[in-house]
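Shared between the two complexes below is subunit A, which has subunit B as its partner in the first and subunit C in the second.
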Partner chain A sequence: MGKYMEMIRIRFLMMLAYRTNYYSGILIYSINIGAYYFLWSAIYGGKENIQGLSITQMTTYIAVAWMARAFYFNNIDREIAMEIKEGKVAVEMVRPYPYLNMKMMQGLGEGIFRLLFFSVPGMVIVSLVFPVELSVNLETWVFFFVSILFSFIINTQINLLAGIATFFLFNNDGLIRAKRVVIDLFSGLILPLSFYPMWAQNIMSYLPFQGISYIPSMIFTEGFKGSQVFEALINQAVWSAILIIPVYGLWVLAKRQLVVQGG
Partner chain B sequence: MENIIEVQNLKKAFKSYSSRQGLKGAFRDLFTRNYTIKTAVDDISFSIKRGEMVGYIGENGAGKSTSIKMLTGILTPTDGKIVVNGMNPHKEREKFVKTIGVVFGQRSQLWWDIAVQESFRLLKKIYNVPDEQYEEHMKDVIDTLDIGPLLDKPVRKLSLGQRMRCELAAALIHNPPLLFLDEPTIGLDVLVKLKIREFLKRINEKYGTTILLTTHDLSDIEALCERVVMLDEGKIIYDGPLKELRENWAEGKQIQFQFSEKATLEELQNLTKDHLVVWEQGESDLIWVASVDSDETVISGVIGKVTAVKKIADLKILEISTEEIIRNIYVEGAVRHG
Partner chain C sequence: MEYLSIFFQYVGQYLKTRLTYRADMVVEILSDFLFQAVNLVFILVVFGHTTLLAGWSKNEMIFIYGFFLVPFSIFASFFNIWDFTDRYIVKGEMDRILTRPVHSLFQIVLERMELESLFGAVTGLVVMFYAGDKLGLEISWYDPFIFLLLVLGGALVYAGIFISLATIGFWSDSRTDIMPMMYNIGNYGRYPVDIYNKIIKYVLTWILPFAFVGVYPASYFLKRDEWYTYAFLTPVVGLVFFMMAVTLWNIGVTKYRGAGN
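Our next item is the complex of A and B:
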């Protein structure tokens, strides 16, 4: 356990060393949120609510979706791909720890850093400018934090899969980029899933992506109520567990045919 | 003494795919792909005892790094058996790697963006090293390698030589009984090389650490290793004491004369026709080199005959260097046994 905590700490330190990179990030996210806010204001026109969400809920949804993204999002798919291409996995393989767990912890260190230094100040700025409604209900906050933890797990497992695929494809930049688009679209980051046509919603309910963004954002905006919240959390938990299987399977196959470049 | 490394009939073959030409070729590649098989390590067997320092040498592409990757559990062998520290490196990877230290001269194992001591601290946690053991052992390592002043610098700001000393220290945090070094002195200046050699000798004496190292700098091997294993095209062509390799190959000596006046080949051959001598011209027609057997009567005979007739400005007797011996072996591709 100690080594995992240490790895989270180290990654946190590394991020801290480059923290100035993040000030511009906050600005970019704020602009994004602003653009969506004006777009949605135009769409709502005078209407009270669309698909059960009011304009304030919608703005909150967008804001929280982007801020949560700062926590669950990480580049470990790219990192793994690079370590494989440059032969750095060799070094990882002579260390006495499970490589994938360690990568996950690095992602977590990065996520915690961004949550504290990016999402929190970002959220403060955004709620000063736009009509964002933060819940005063403690339960909602607790459910939300449990939910984004699952978001992190699901998203990171998908990243691991994309990263490990490098062992087989060798050059998988395309795959990683495609994966990013799919997640942004199907996770509900850009558009709440309830806005999609029924047939698309049906398909997406069988996919893990809604657990990444749609569920935590709906919990935060209190778009989900009562038993809906629990069903959503269970959905996330089930996907977190199911995804372990392909990640582990692919990893076992990959190790067997690991080829280290260079040296 | 027990064997710490045991390798039997070890083999590693790489499949490398080649693409066909043109669109039609690319289409065919989708279904069946052409490949060639490269046997990087070809049926090698050897064993290493506790406390030995062994030099693993061979030309570029001989298969040294590939062997080390198999011995450290990074690559799966195509065939053969490896037992290191009583374990199968690939099968019991996590448990196994706790008992070894590895340095790859060509890639860093430290975290690039953080201070050296942060890397050390992380490794200490990873290897579960108790505080007292760490304090005592690492203080010694840090002093001997003289890296104390570097500890609070980020790795990316270190020079190659500074970084390599830190890499060595990092590989020794858990004080492993076995150390693999793949080109640890690549690109280092003479002073750093000396420091590293001294350090390796010291840990070998103090802790009985077994060391297997590859290098292209034969003076490393001469300074450290009594035994060398020589690889060529994936096969072991020599495994034995360095001394023996030298004795079998450096059969002769060279006598270099610098004359005060011009000398010709015929003239010199005439003077020494009683002995078996091969004359070669040196850098100018004043300098000539006689290659002879290392036999006292021959050497003094040749020198006596020549100096009796010709005036000389300088005279040197040269041993054939290990460098030259190894070069000859590489060129011939086999080892003569004496």
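Our next item is the complex of A and C:
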């Protein structure tokens, strides 16, 4: 446990050294949220609500979806791909801790950094400029934080899968890009899943992606109520557990496949 | 002429390197396609809940998106300079470029091209024809020529903005996240600019003129005559921004001091 805390801490400090980068990042996200705000205002036109979400809830949904993304998002798929291409992975694998766990902890360090130095100030700025409604209900906040923790786990597991795929493809920039697009769409980052036609919603309810963005955002905007919240959290927990199987399965296969191209 | 032959030699080499990792190339083309599909899905889903967006119909929006894809894919194929500072300034690669007797910007364009992005133009054309057919648009004999002119203008707008931003690297090599931000802002030119407030509309028209890559030129083909002036300004804006960018580049190169090894 101690060594994992250390990995989180080191990555956190590494990010801290480059914190000025993040001021422009806040600007990027704010502009993004702003543009979506105008777009959605035009879409709503004057309608009170669409699919049970009012325009204020919609704005909040988008703001929180983007800010939560800063926490769960990481580039470990690219990092793993780089390490495999450069042959560094061979050295990493002889170290006295599981490679995948280490990657996950580094991702968590990054996530915590971004949550504190990016999402929190970003959310403050956004809620000053746009009509965003922050819940005053303590329970909502607790559920939200549990939920984004699961978002992180699910998203990281998918990233690990994409990264490990490099063992078989050697060069998988395309796959990583495709994965990112699929997650943006199916996770509910750009559109709440309840906006999709029924048949599409049915398919998505069998996929893990809704646990990444849709569930925490709906909890935060209080679009989910009562038992829906618990069902959603259980859904996330189940997926977090299920995804361990393909990650470890692929990892075992990959180790047998290992070709060190450099070093 | 010499530039043309250099261009084709680079294309030849490029194809060889890409064909080494064939599976990846196929996935990359598919992922581009997927990315374009996502944007279409967004439009389709949104119009499942409303019939008009600031007075524009679903098929008109789809048409604008299809048009946007053509200049954008030309830009994406040849102007991959979003990581210019990292790749050329910080690592000192610019030294190598400057020792060669071909214009430095031209060399970078050639080195960084990604021809597979051109498939996006095909997707764009298919989308345009689909939406145009639904809207019952008629094509005159001169429309293909106007189309080429507007597409070229749009691609130059994009290139001009991104080259100008890349030149910042000549003066300051500190890392910034401006480039990804620009890719995002570029997307807003695809929506009818009257949905935004005055400031954003002004910015998208005159400062970062992304509206000239999407809604303005497309409005010519959609017969929206209130936007015609803007539509025909497209090539002019494109040329002006591109010339400005090249000038900035030429000044920037004289300021380059060589940071690497």
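In this text, the second predicted complex is superposed on the first by the 262 of 263 C-alpha atoms of A that agree within 3 Å, B and C clash if a C-alpha of one lies under 4 Å from a C-alpha of the other, contacts with A are read in each partner's own complex, and residues count from 1 in each chain.
Note that a contact is a pair of C-beta atoms (placed from the backbone, for glycine too) under 8 Å apart; a residue touches a chain by one contact, two chains touch by 3 or more.
On a predicted model such as this, the values are computed, not experimentally measured, just so you know.
*Asks:* Both complexes share subunit A, so when I overlay them there, do subunit B and subunit C fit or clash?
*Replies:* Superposition result for subunit B and subunit C: fit.
*Asks:* Between subunit B and subunit C, which one contacts more residues of subunit A in the superposed model?
*Replies:* C
*Asks:* Touching A:42, do we find subunit B (first), subunit C (second), both, or neither?
*Replies:* A:42 contacts subunit C only, not subunit B.
*Asks:* Quick check for you: in the superposed arrangement, does A:13 touch first (subunit B), second (subunit C), both or neither?
*Replies:* Once the two structures are laid over each other on A, A:13 reaches subunit B alone.
*Asks:* Does the superposition put A:131 against subunit B (first), subunit C (second), both, or neither?
*Replies:* neither
*Asks:* When the two structures are overlaid on chain A, which partner does A:121 contact: first (subunit B), second (subunit C), both, or neither?
*Replies:* After superposing on A, A:121 lies clear of both subunit B and subunit C.
*Asks:* What is the contact status of A:258 with respect to subunit B (first) and subunit C (second): first, second, both, or neither?
*Replies:* After superposition on chain A, A:258 lies in contact with subunit B alone.
*Asks:* Who does A:93 touch here: subunit B (first), subunit C (second), both, or neither?
*Replies:* first
*Asks:* Anyone got the angle at subunit A's C-alpha centre between subunit B and subunit C, nearest 10 degrees?
*Replies:* For this superposition the angle at subunit A equals 90 degrees.
*Asks:* For A:249, is the partner it touches subunit B (first), subunit C (second), both, or none of the two (neither)?
*Replies:* Touch status of A:249: no partner.
*Asks:* Pick out the closest CA atoms of subunit B and subunit C after fitting on chain A and give their distance in Å.
*Replies:* Here the least C-alpha separation of subunit B and subunit C stands at 8 Å.
*Asks:* Return the residues of subunit A at which the contacts from subunit B and from subunit C coincide.
*Replies:* Shared contact residues on subunit A (touching subunit B in one complex, subunit C in the other): 18.
*Asks:* For the complex, which residues does subunit B have touching subunit A?
*Replies:* Those in contact with subunit A are residues 14, 65, 69, 72-76, 93-95, 97-98, 100, 102, 104, 106-109, 111, 113-114, 118, 121-122, 125-128, 154, 182.
*Asks:* Which stretch or stretches of subunit A touch subunit C in the complex?
*Replies:* For subunit A paired with subunit C, touching residues are 18, 21, 24-25, 27-28, 31-32, 34-35, 38-39, 41-45, 47, 50-51, 169-175, 177-178, 181-182, 184-185, 190-191, 195-197.
*Asks:* Quick one: which bits of subunit C touch subunit A in the complex? Just the residue numbers, please.
*Replies:* Residue positions touching the partner: 21, 23-31, 34-35, 38, 41-42, 45-46, 48-50, 52-54, 175-178, 180-181, 184-185, 187-188, 191, 195-197, 200.
*Asks:* Any idea which subunit A residues touch subunit B in the complex?
*Replies:* 2-3, 5-7, 10, 13-14, 17-18, 86-91, 93-98, 256, 258-260, 262-263
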